[in-house]
Amino acid sequence: MKKIAKSQLSKMLSMLSAEAKLYVPVASDGVVNFAPWQEDVEVDLTTINVFVPPKKFFFPQTEAVLRYDISDELEIEDFACKAGDKTILFGVRPCDVSSFAMMDKVYLGDPVDIAYRQRRENTTVIAMGCKSPDETCFCTSFDLEPGKAPGADVLATDTGEEIVLSAQTTKGEELLTQLNGLIQEATSGDENKVKDAQEQAKEGYTTSVNVQGVMEKLDGMFEDFYWDRLHKRCIACGTCTFVCPTCHCFDMQEYSTGSRGERIRCWDSCMYSDFTLMGHGHNPRPTQKERVRQRFMHKLNYFPHQHGDYACVGCGRCVRKCPVNLDILEVIQEIGGAAGGM
Amino acid sequence: MSVNLESHEPLIVAFCCNWCSYAGADLAGTSRMSYPTNVRIVRVPCSSRVNPSFIIRAFQRGADGVLIAGCHPGDCHYHSGNYYTRRRFTVLKRMLEYMGIEPERFQVRWISGSEGAKFAGVMNEITQEIKALGPNRKLRDVR
Amino acid sequence: MKRIGVFICWCGSNIAATVDIDKTIAAAKQMPGVVFADHNKYTCSELGQDMVKNAIKEHQLDRVVIGACSPRMHENTFRKTVEAAGLNPYYMEIANIREQCSWVHKDKETATGKAISLVRTAVAKAARNEALFSTEMPIERRALVIGGGIAGIQAALDIAETGFEVDLLEKEPSIGGRMAQLDKTFPTLDCSACILTPKMVDVAQHEKIRLITYSEVEKVEGYVGNFTVTIRNKARSVDMEKCTGCGDCMNKCPQKVSSEFEMGLAERRAIYTPFPQAVPNKPAIDRATCRWFTQEKCRVCEKICPTGAIDYDQVDEFITQRYGAIVVATGFDTHKLDKYGEYAYGKHPDVITSLEMERLFNASGPTGGKLLRPSNGKPPKNVAFIQCVGSRDKAKGNPYCAKICCMYTAKHAILLNEKVPGSKSFVFYIDVRTPGKDYEEFYNRAYEQHNATYIKGNVSKVFPDGDQLVVRSVDALSGALVELVVDMVVLATSVDARSDAKDLAQKLSITTNAHKFFNEAHPKLRPVETQTAGIFLAGVCQGPKDIPETVAQASAAAVKVASLLSKESLKSNPTIAEVDQKRCSGDMSCMAVCPYGAISEKIIEERRGRETVTRKIAEVNTALCQGCGACTVACRPGAINLKGFTNEQILAEVDAICL
Amino acid sequence: MKITTEKINSNLVRDVEEVSGQKVSACFQCGKCTGGCPVVWAMDIFPHQVLRYAQMGLIDELLHSKTLWICASCQTCDSRCPREVDIPKVIEALRLIIMREKGGNYLHPNDLPARVRENAPQQGLVSAFRKYAK
Amino acid sequence: MKECSEKMRKVASDALQKQEVTAVLGWRKKDFWWQSPVAFIESVDDVDQLVWDPFTVFNPVKYLLEDYDCHDKVGIFVKGCDSRGINRLIQDKRLDRDRVVVYGVPCEGKADADKIRASFASKKIKKVTIDGDSLIIDVDGKEERVAAEEYLLDKCLTCRYPNPVVSDKLIWEEVPVRKGVNEARFARIDNMEKKELEERFSYWSRQMDRCIRCFACRNTCPACNCRVCIFDQAEPRWLGKANDMGDTLNYHIIRAFHVAGRCFECGECERICPAGIPLQELNRKLIKDLDEFFGEYEAGLDPEDNPPLGTYRGEDPAGFDES
């Protein structure tokens, strides 16, 4: 376990950025996003939810998959194997770290998404344990520990004047080794401080839901009138899906210029009418009801059936951002019937 | 895409109404008035057929300039088409400028079927102006 | 995938000298969908066209791109070529590599580059060309002429002479219109009635003309070749079948009313014909003034009528008739002078309008043709004529020139001098405008031979002085103030559009300008047509004009009608707008910008969930749409598209250009 | 300066027309005469205005004008007039009206040198009396 | 505030009981203090859900579109801004006036949850209510009283129509229009217009760079009421799905153009934008230009007239070289 004084943080980041592309949370025009680190940026260590979740580093909103040219002979340039420059993410919150594991189940399961894997392998994640929750945080409902981030390569914990860094993987150890000379060995006192901070982090949650049995209950609810009522408020924007750290649907688009062209993969949202629109004009999800149902069924029923976990990490972004306040908290509460303290 | 500024030859898409400006372009041809090769004409029945989306699309695909040419006000073959053109593209042009797009990149002109010389003149003028600006990078797709 | 054939024309050396044909062909062969590319010295020649036809068959081409001269030159030629080879004519697209490439560029390399780009653009468009078909619409071979003045009379006669049925609609009890009110006509000074009344009689007697007087247009539906018009036949209270036109009723009717025809200078009865030579010469009861209708007593006419033709119980009747074409000839109103207090009109009886002057000159007018001052019945010696009253006046009148006043005032000056020996006229003018055959000479006569003095200056005030009138102005040419003492003042009143012109325009789906004159389709090249196919204009309803021009326009309109009705059916232009029902929200933005009134609402049924619901969408009338495409941009969801210039085609062209 | 019915209708206008043999009313004030007049710079009333004044009966103003005596009758105006008005003749008529009036001399015969008095034509003498001041 | 909610409940329950309407749209309270989503009241039993509180911002009129509701007769509570949305839908022929009963609720402005959060950072807020011109904030178990004016949404501070422009029944008294709103209307635009071209571009590209293309701005906007939006169409594909600057600018330019002359300045697009893009500024730029060139026009006031891009005058000036 290592530590570094907060005053030295920018030195550390500077060192890291020499080795790889380094992204840190930065506020710009009042919106916090991961942005390339530069000497003069101010790292935002307090905001819990960055606006666009860090899944974008493995699963970019838009990426070229291949480019072709048939004007002479067929030439195909495949971008998948080129994906993944060496990257370091600093300050990923535990909920988002845990979302990576869910994305992995999709993109590293059979068949493996090569570009995703390359990026995942080439990226070192430095998580930042949370100190206290936002009012919309409900990660504890999914048994996440807000002070811990098991999936991260390095866990950083804010202990006040210092940040304690503990490597959790070999990648993480290598990274900390690079920083030898700048960072110091943590003392047992620091270790205690970390433990305290982690315990402290669990306090103060005002939002929680009981997810017990929600998946099972949903098994029989595909045709339930619940959806008829629920969807009415939805205005079919894609905000929830785009700010969700676990939403992972994409669309393939072709930009053809006759003899040359590019195939692009970009995020798609099941909230959109053209999401399931077929070539001949039929849409198996003709109204917003089916689309809303799909989103929640996917998160709370299909995904856990397939992969064992709910596809929600309780980050609360959708709760905060949905313009009509239609969110997963409400659905879990109403389906499960047993809401926690509020 | 790397573009050499010195040798950059701008690409200009011109939407010309069939009855006036396209005829004006033809007249420039029959009168052998030369102008740069940078201009490509899309023939439309009336300038009111030009959708703002077409203009943005041209810029996205790499056009360095876009021109809409129609009949002079009062001379529209369809009576009122160019009046709508005037309203629509007055506001669109000003919005593009507001968002930081150079005013020369998007222009609207009235060129009648008898104004071959004006057509050639406008082509010369616009090509020069846009050449001076260099390639359009602001609205172009990064592909 | 389409099978596109590309044919590059040399046009002799016109194209080949500047564009590398081989290189263009080689490039074309690489373009998506192109399966065949070749060249020809002159593609428009029979040989060249045969080559295209043969290639279509041999290579099973389904789209054709011809790189040649402007489509404005040979589009039709090549459409016929591909049609002859069994393809839809609209499968062909032209790349204009002559007028817009080889003729305007000199450097062969860059010109070839551009030619290739133009061909690629045409290929991209052609790949999205769809088969388009004209539709045939039968024509109702009958015309309606609205307005029975000289314009309507002339149009009706001319149409009838070509053998088609015509209905002539007039809102007054008699046809004749404004021209019937005039005394003499410039520049020949022939008597207006003498040249008009024979035409009125011709109309009444023509077997192809049906005269519908005392009637107005109620509703117009349909489109070119197929209008359905509902006409309101106002209750005349006189049975036209029984009435012989003896006139006894008019003599005995006790209710005297100011005569509209005589401009209020004389009286008529409540049962009346507007003037003695009326056609039809059968009276109508003016229910607004008739004693029976206003006070429920009298019925004198009924007692007097020898044939029992009076029918107080008549009601308005509605005639519904189909027409192939409509001529609008509704004429004009004279300008109201309520804003011109400075001229003392209405305050002094010797200040009159020019149309009142016509009646004072007229032999059948209130003074029996003697020019006498309304105030004292004596002939006037000095008369002031004030031009541009209500014309060329942005502030409180019409900004435009009424066009006829200069000439009729010259006529008045001449007539005055002829009628009252030794009399003198003073004409106050801003400009004198005499463009017309023999018009300048006529004007010259007025001041050279007929004692007219023209004073350049607008009159600022007219006021009485004893039994005379003082007219105050300036002579702008000499700079001298003018103060004349005259016996009469004649105001050259401006010409207004009919006050109800907007209503009629709405019924007909035609437009008016800011002054309510009906708009022609093109100010120079289509002055008789309206933007609505099948509706034509004649006379002052389109804009101020004199009798010769009115008659010329009426005859022109008649030819337009005849050429339309001479066809059995109409072939529609297939490059017109089309609505995609699924995308249409029915907000009708398209309708607002359509210059032809070609878009209307339509109710459709569709399934929503478990129910069948109805909703409104836009519908394009294929006969009215001219294919401008203004609607396609007004339509935000892109639900209305223009065939032949679709969104898909234009976007593909843009993409191909920017390659 | 004021135009009135009496002035326009006055006999003086008819006199001018009668004496000159020209139709004053024919002039439509195009201004071509004035534009081409070589001595217009010295005139107080321009040639086209002369005609306008005559049309409007402003004869009195004309009779007091220097123009009548400046005009050299070079006929430039006349040769160009689109309305076939012989302007010098009109001006001459105005001069004649002045000359035919009794009195109103600027010059007394006695003021003339004897040599001139004896040799000059009679009409020239009369016109000199009306034209020149001492 | 309580009385207001009570009044709304009374109106709704009367209307439902008398069967004047079969559903009522208003607002209700959800779990968090800042959540007051739209309520769909279909039975008298549910009218107690209706509330009027500092967060009843969301414009409910879009729910009148057929995609959302099949009720034949709907009652709807509308604030000033919302009411112009009613006219918007009627003018666009997307709403039959006879289908709705409009209950006008004059509005003094709504609170901005972000401003409140910023003031009480890291404190637990439980409830926010309004009392006269103060907000009462239940924070960390204590009640704090603050001036409401300080915490209003920016769009409310420049609101020119706080009172409904269309209503069948005004539920309470009209409120005065805030001072200086007309001057404030185009202040941001005037400011931006003064900047250099490149500065303007860098400002807008920075804003647009944050766009995630969620379409929340479009989907909230009552002027964006097409059945099938042009941006959702695959053939032709008007808007690429790739989230790059070209397509993002394409989206924002065309979106703004499509509401040009139709936007009635409710400001919801900007308020709900998760990325905080100043969309209202683009809309207002177009309004400013339309007013300047083609005569002043106020959208959403008269459902019968024709918006400025649907008409013309021959003597219109142009924003380009007409020689």
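For this structure, a couple of remarks:
In order of appearance the chains are A, B, C, D and E, and numbering begins at 1 in each one.
What we mean here is this: a residue touches a chain if its C-beta (ideal position, glycine included) is under 8 Å from a C-beta of that chain, and two chains touch if they have at least 3 such contacts.
Every value quoted in this text rests on a predicted model; they were computed, and no experiment measured them.
Least step count on the touch graph, subunit B to subunit E: 1. Under the touch definition stated at the top, subunit A and subunit B share these contacting partners: C, E.
In this assembly, the chain whose C-alpha centre lies farthest from subunit C is A. Taking C-D and B-C together, the chain pair joined by more C-beta contacts is B-C.
Averaging the CA coordinates per chain and comparing them to the mean over all protein CA atoms picks out B as nearest.
Ranked by separation of Cα centres from subunit E, the top chain is D. Separation between the centroids of subunit A and subunit D, computed from CA atoms only, is 106 Å. Chain geometry summary: the mean Cα position of subunit B and that of subunit C are 35 Å apart. Centre-to-centre, using mean CA coordinates, subunit A is 68 Å away from subunit C.
Centroids of subunit C and subunit E (each the mean of its C-alpha atoms) stand 46 Å apart. Residue positions of subunit E with contacts to 2 or more other chains are 228, 230, 233, 238, 240, 242, 244, 309, 314.
Among the residues of subunit B, those touching two or more other chains are numbered 52-53, 57, 74, 80, 84, 88, 141, 143. Residue positions 255, 287 of subunit A are each in touch with at least two other chains. Subunit C contributes residues 30-32, 120, 124, 582, 609, 655-656, 659 to its touches with subunit A in the complex.
Across the complex, subunit C is touched by residues 11, 13, 18, 22-23, 25-26, 28-30, 32-35, 37, 40-46, 48-54, 57-58, 61-63, 74-75, 77-81, 84, 88, 120 of subunit B.
Residue ranges on subunit B touching subunit E, taken from their complex, read 52-53, 56-57, 59-60, 73-74, 80, 83-84, 86-102, 107-110, 138-143. If you check the complex, the residues on subunit C that touch subunit D are 382, 424, 426, 444, 447-448, 453-456, 475, 477-486. Only residues 1-5, 8-9, 23, 25-26, 28-29, 49, 52-53, 55-56, 58 of subunit D touch subunit C when the two sit together in their complex.
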